[in-house]
Amino acid sequence: MGKTILGAAAGLALAALTAHAGVASAQEKRDTIRIGFVTFLSGPAAGPFGVPAKLAAEAIVEQLNAGKAPAPYNTKGFGGAPLELVVIDEAGGTTKQVSEFRNLVSRQNVDFVIGYISSGDCLAIAPVAEELKKVTVLFDCGTPRVFEEASYKYVFRTRPHATMDAVAAAKYLLELKPAVKTYGGINQNYAWGQDSWNDFDLAMKSLRPDATVTTSQMPKFGAGQYGAEISALLQSGSDVIHSSLWGGDLEALMMQSVPRGLFRKSQLILVAGEPYLHRLGANMPDGTIVGARGTHGVFAPESGLNTWLKNIYKAKADYDPNYPAYSVALAFLGLKSAFEKAKIEQLSKSIPMGANKGVKEEMEKAYNLGPSDEQVIAAFEGLSFDSPSGRASMSLGKGHQAVMGTAYGTTKLVNGKVTVTNIKRYPAEAVTPPDGLASPEWIKGGMKPSK
Amino acid sequence: MNQFLAIVIDGVIYSSWLFIIAVGLTLIYGVMKILNVAHGSLYALGAYAATAFGGYWLAQGYPPMGSYGMLVLAAIFVGLVAGPLIERGLLRLVYGKEEVVLVLVTYAVFLILEDLTKLAFGVDPLSIPEPYGLLGSFEIGELMYPTYSLVLVLLSGFVAIALTLILGHTRQGKLLQAVIHDREMAAGVGINVSRVYLITFTVGVMLAALGGALTAPTISVQPGIAAEVIVLAFAVVVIGGLGSLGGAALGAVIVGMVRAWAVHKWPEVELFSVYAVMALVLIMRPKGLFAAPEARKI
Amino acid sequence: MAVVLEAKDLNKAFGAVTAANNINVRIDQDSVVGLIGSNGAGKTTFINMVTGYLKPTSGTIRYLDRDITGMSPRQITQLGICRSFQIPQLFGNLSVYENLQVGVGIAARSRRAAAGARGHEREEIETLIERFNLGGYRTHSAGLLPEGTRKLLDIAMAVAGRPQLLLLDEPTSGVSADEKFRLMDMVMTALKVQGVTVLFVEHDMEIVSRYTHRILAFYEGRIIADGEPAQVLREAEVRRYVIGEHTPAHGDADGGATSHG
Amino acid sequence: MNQPAHTLSGAPARGADRTTLVLIGALVVLLVAGPLMPRWAMFMLNVSLSWGTVVLGMMLLMRTGLVSFGQGLYYCLGAYAAGTLHHFYGISDILLMLLASVLLAGAVAFVLGFLLAKYRDIFFAMLSLAFSMILFGLLVKTSALGSTDGFGLSAKTFAGIALGEWERNALYSTTVVVAFIAAFGVHRYLSSHQGRLAGAIRDNELRVEYMGASVRRVIHTNYVVSAALAGVGGGLVGITIGHVDPEMAFWTTSGEFVFIAILAGTGSVLAPFLGATIFETVRSFAYEYSPNTWQLILGVTMLLVIMFLPGGLWSVFTRRKAA
């Protein structure tokens, strides 16, 4: 009767797993706060984004647990409760990620989830977070679709969405070179590349209707060989070449195109170029327009928090934190602020009116119990908080989507080291559509300031 | 016209790159009837080794020209280490299993190597750009090409000719062809098949690694490059006819040209041009362009 | 007597090699015909053409007044011509029983024998097992059978198709000398019951003369002799080229000749 | 004793009734146990059973001697069929969505089948891979379908009955029942004449043709069936995950199905489901406990199975029977 063993086996396995989960959920909730952290540990996104993000997360958690972060973040962990990270690889596609998210929530019993670099994963995870009623902070994905297509109670995104990258790029370009007649692009053939190009194209059309598109190259993600694309771009003779390439693809493109003098003819815009300045060095042509998808890295305003992040990050890696690291800081500090704001409110509520005995007990009880998810959410919505990248305010998506200003600059080689000069900052309202208005429509409508 | 010229040149460059990454795959299949999914990982290993060797060489301040030697050395090194290791340590234990099972074995090797390379070299992109710029560049029309691409073209041409000569005109080559034609018969007449396998696989790995090593200066070497290359290589060898050297060459040229054309004329379809070609060729010639003749059944 | 099979001016060339050279022959109902000839003489080529595995270069093959030239093996089989193979063609991973099950199953369906096929099939399988005395091997997988038994099963499979014309390609090759007659007796009795016209390729002259009414002697793709066994075997040409006072230097060219096929 | 124990061969017809019994047993156990499990376990089982259904189709092909590296094509089509119904036509009834999945996958397979039925071995694998990669490319180019980001979907009703809170359980139960029907159907099919032909074709096409049966027709039929199974599996996964994207058609997805099929073995219709469950469990715990080396773990597992369980995990059970 071998085959009946199958049923038994499956049953047993599940029983075992169930028990495991039972134990986990038995532990008292808020004594340590378990945070599921999802980021790319393998695949092409691991090097440029995933692992820097992980390093930043670990550094920040250590600091917070030690209470070493600068004010106002100098309380231990979240409101005194130490943090514990459960790190998961984001590789493997949405199917696996949704399963992993569910495991994090109901097998690992994490209290919060912070994660997701890929927009696809963010779109897939958000509804699940809602279903499982788990407060989830998307830290690095850019697609505006998350809050433009739906609204969520449990999902927050502490970085601004990607529309501003394209819009600001177009504005900066035209301020720098008002005479632009023709522009082309080379972007990866997947959602991020396509959206970046389309938004940039729309923005150009509404800002400079007389400028024309020469060519839009769409090499597939990870193509690695760009010989033909470069020839096509060279022949297009564009005044400007827009690119949202990142990571290995961007580096490959630069290595292959600079020796061929592509950018002697054309002005280059790298929407996500900032993290590679230190890596590309001489392969980064002077006068390239670069962004960091927000006021991160070289664009981050001087502040105690900024220096703090740089120092703790450099203690773990041998180079400056790039924008994913800054996004991680935004996520953790945003959640921390919300958590502690909620806790204080709850404490104040917990003080019984008029009575003067039992106060201590009540407060201790409340303190140990920590705030409920409901309270954290209430505190998080519309919250404004400081970060190494400046002040973020959760003012879009019914208070769930952060808006921040952004900045672009131009590279300049100063004795062998790439620096960024001529930095221009754009306030959030100038580059971000108002709540309830989808990005493409807003851009087509002439990008009226949202406030 | 000018664009046509560009298409041809870009096509040729891309084709030679394709040929170098694909030829090892078809060689191994031809002799051992193994479609080696791990080919991509070995390509990646070659690239990583190249950054390590080349990086060391340049760091020592030796003459930069020597870095080319380092690239080749890296490939040979990977071949000599990984080849025997995988063939003797693993493949030998599964010979005689069905082709698809062997594909799965190499798929497992692919997964394992993905993580091992990650553990060995980390996830940060590595690069060795020097050899790419070193030779300067030349102009055709108003288009400038790096001389390195020319080197690539010549080298893959050299590889093609060398292999053809070895297979056709040396004793080893003849033995190899005997094995390709009929394993049992070859074993029967006293050819040491197991040794032929070992050598073939090692050479195949070397070629894969060479592809990686030569690509390293043009890209940033990081996780994920293996998976990208393998399907391309598959497409090329399948189009040409599995196990056929000339097939691999022709397949590379076709794919290379079609892609170059797509990029210049119709960028939207570049993404799946390769697979469209593969499907079309297989539809017209079910076993690829140069298919080996079938043995009689009854 | 009715003619079952008729070949007219049948030619088959593989490049330079002529495997069938202007073959003309008629096979009568219920006759048992032996095909003899050295390797490469074109016997198997002839069978392969009749059963549709090879297309003749020229000429026609008629089966019961129906032109079957260039039909596919499947169509031809469905018309009632079945064959066995020099190298038994079995379903190696299936048991002997399952092999016959498949064979009988297909035959039953292509005959559209609607009448309670299932029950009949089971009996048919049993009959075959008993007639070819495979009872001992029922559950053995065909791949692991001894050579003689593989031959038997291969023939049983052919018979399972309820053929009117049966072609056996070297039924006794690879069978030990003392087994040959037992095997042939078994086959022939099995066939008698069904009333089948039989063509078989054979090298063993004893067997040919014992079991056939008529012999076709092949040499270099031609039929060099056709008639009563006794008489054919007496002919000088046959003695030289077939029975072989000297063996012609064709090597294993029943392979060679048709290996491009 | 002498029954074949290699990966792709047919199982003996004997023990058929036992399989049916186990199937019914599993159906009841799973239906009852599901709601009692922690949600993550129920979800994992839900996904595993859906994959099992896809792999069941693979198994049918393998029984015929064919391995497709492009089942992702139908898996993805099935998912997108369900998805588009929800996303563009506001239809979110589980049954209707699954029906769409089966029909679309089946229809496409019927057309491609005429072509693919001519192919064998690696060429069948490669051509099917090419087709699924072309679909991948098309989807990536289609921004209306969200390009690589894909889009979300969910089930609201079952045969018109509103689900509300019960969506998860309804989905799970549907999956269990679908998986059961699929497994039972394929089991019956395999022990029928037509099913036996699969094994025969795998062993010796020539003889099948020389018995008077059409190899291509059998292969075509099995191909369509396997595609329909992949389609419904894809539909189930799409709804269960609540999101579909082109990754589902990428060659690595198909590779995973082959992986599971070999891992499980083709000895019984129960194997694919067992294989999928074990695969998903191993993977998910590997992700959790060694996020940096989960591929290594999968690879090693695979090698161990190929070396020591040539019949796949399933042979563990058949062996015990022989002893």
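Per-chain numbering from 1; labels A, B, C and D assigned in written order.
One rule holds in what follows: a contact is a pair of C-beta atoms (placed from the backbone, for glycine too) under 8 Å apart; a residue touches a chain by one contact, two chains touch by 3 or more.
Quick caveat, the model's predicted, so the values are computed rather than measured.
K.L.:
Return the chains shared as contacts by chain B and chain C, ordered by label.
P.N.:
D
K.L.:
Pick out whichever of the two, A-D or B-D, is joined by more C-beta pairs in contact.
P.N.:
Looking at B-D and A-D side by side, A-D shows more C-beta contacts.
K.L.:
List the centre-to-centre spacing of chain B and chain D in whole Å, with centres computed as mean CA coordinates.
P.N.:
Centres of chain B and chain D (C-alpha means) sit 33 Å apart.
K.L.:
How many angstrom between the C-alpha centroids of chain B and chain A?
P.N.:
So the centroids are 37 Å from each other.
K.L.:
State, to the nearest whole Å, the distance from the C-alpha centre of chain C to the C-alpha centre of chain D.
P.N.:
Distance between chain centres, rounded to whole Å: 43 Å.
K.L.:
Can you list the residues of chain B that touch 2 or more other chains?
P.N.:
In chain B, residues 114-115, 118, 227, 268, 271, 297-298 touch at least two other chains, as defined above.
K.L.:
Which residue numbers or ranges of chain C touch two or more of the other chains?
P.N.:
Within chain C, residues 89 contact more than one other chain.
K.L.:
Note the residues in chain D that touch 2 or more other chains, in rising order.
P.N.:
Within chain D, residues 6, 140-141, 206, 292, 294-295 contact more than one other chain.
K.L.:
Under the stated contact criterion, what part of chain D meets chain A in this complex?
P.N.:
For this pair, the touching residues of chain D are 15, 18-19, 21-22, 25-26, 29, 33, 37-41, 43-45, 47, 140-141, 143, 146-152, 154, 237, 241-243, 245, 247-248, 250, 253, 268, 270, 274, 277, 280-281, 283-284, 287-288, 291-292, 294-295, 316-318, 320-321.
K.L.:
Please name which positions on chain B make contact with chain D in the complex.
P.N.:
35, 90, 93-94, 97-101, 103-105, 107-112, 114-116, 118-119, 227, 231, 234-235, 238, 242, 268-269, 271-272, 275-276, 278-279, 282-283, 286-288, 297-298
K.L.:
Of all residues in chain A, which touch chain B in the complex?
P.N.:
The touching residues are 41-44, 46-48, 50-51, 189, 215-220, 222-225, 227-229, 231-232, 234-235, 247-248, 251-252, 255-256, 259-261, 279, 283.
K.L.:
Which residues of chain D touch chain C once you look at their complex with the stated criterion?
P.N.:
Listed in rising order, the residues of chain D that touch chain C are 2-4, 6, 9-10, 12-13, 193, 196-197, 199-200, 202-204, 206-214.
K.L.:
Which chain B residues qualify as touching chain A in the complex?
P.N.:
Residues 2-3, 6-7, 9-11, 13-14, 17, 114-115, 118, 122-125, 127, 129, 132-133, 137, 142-146, 149, 215, 217-225, 227-229, 259-260, 263-264, 267-268, 270-271.
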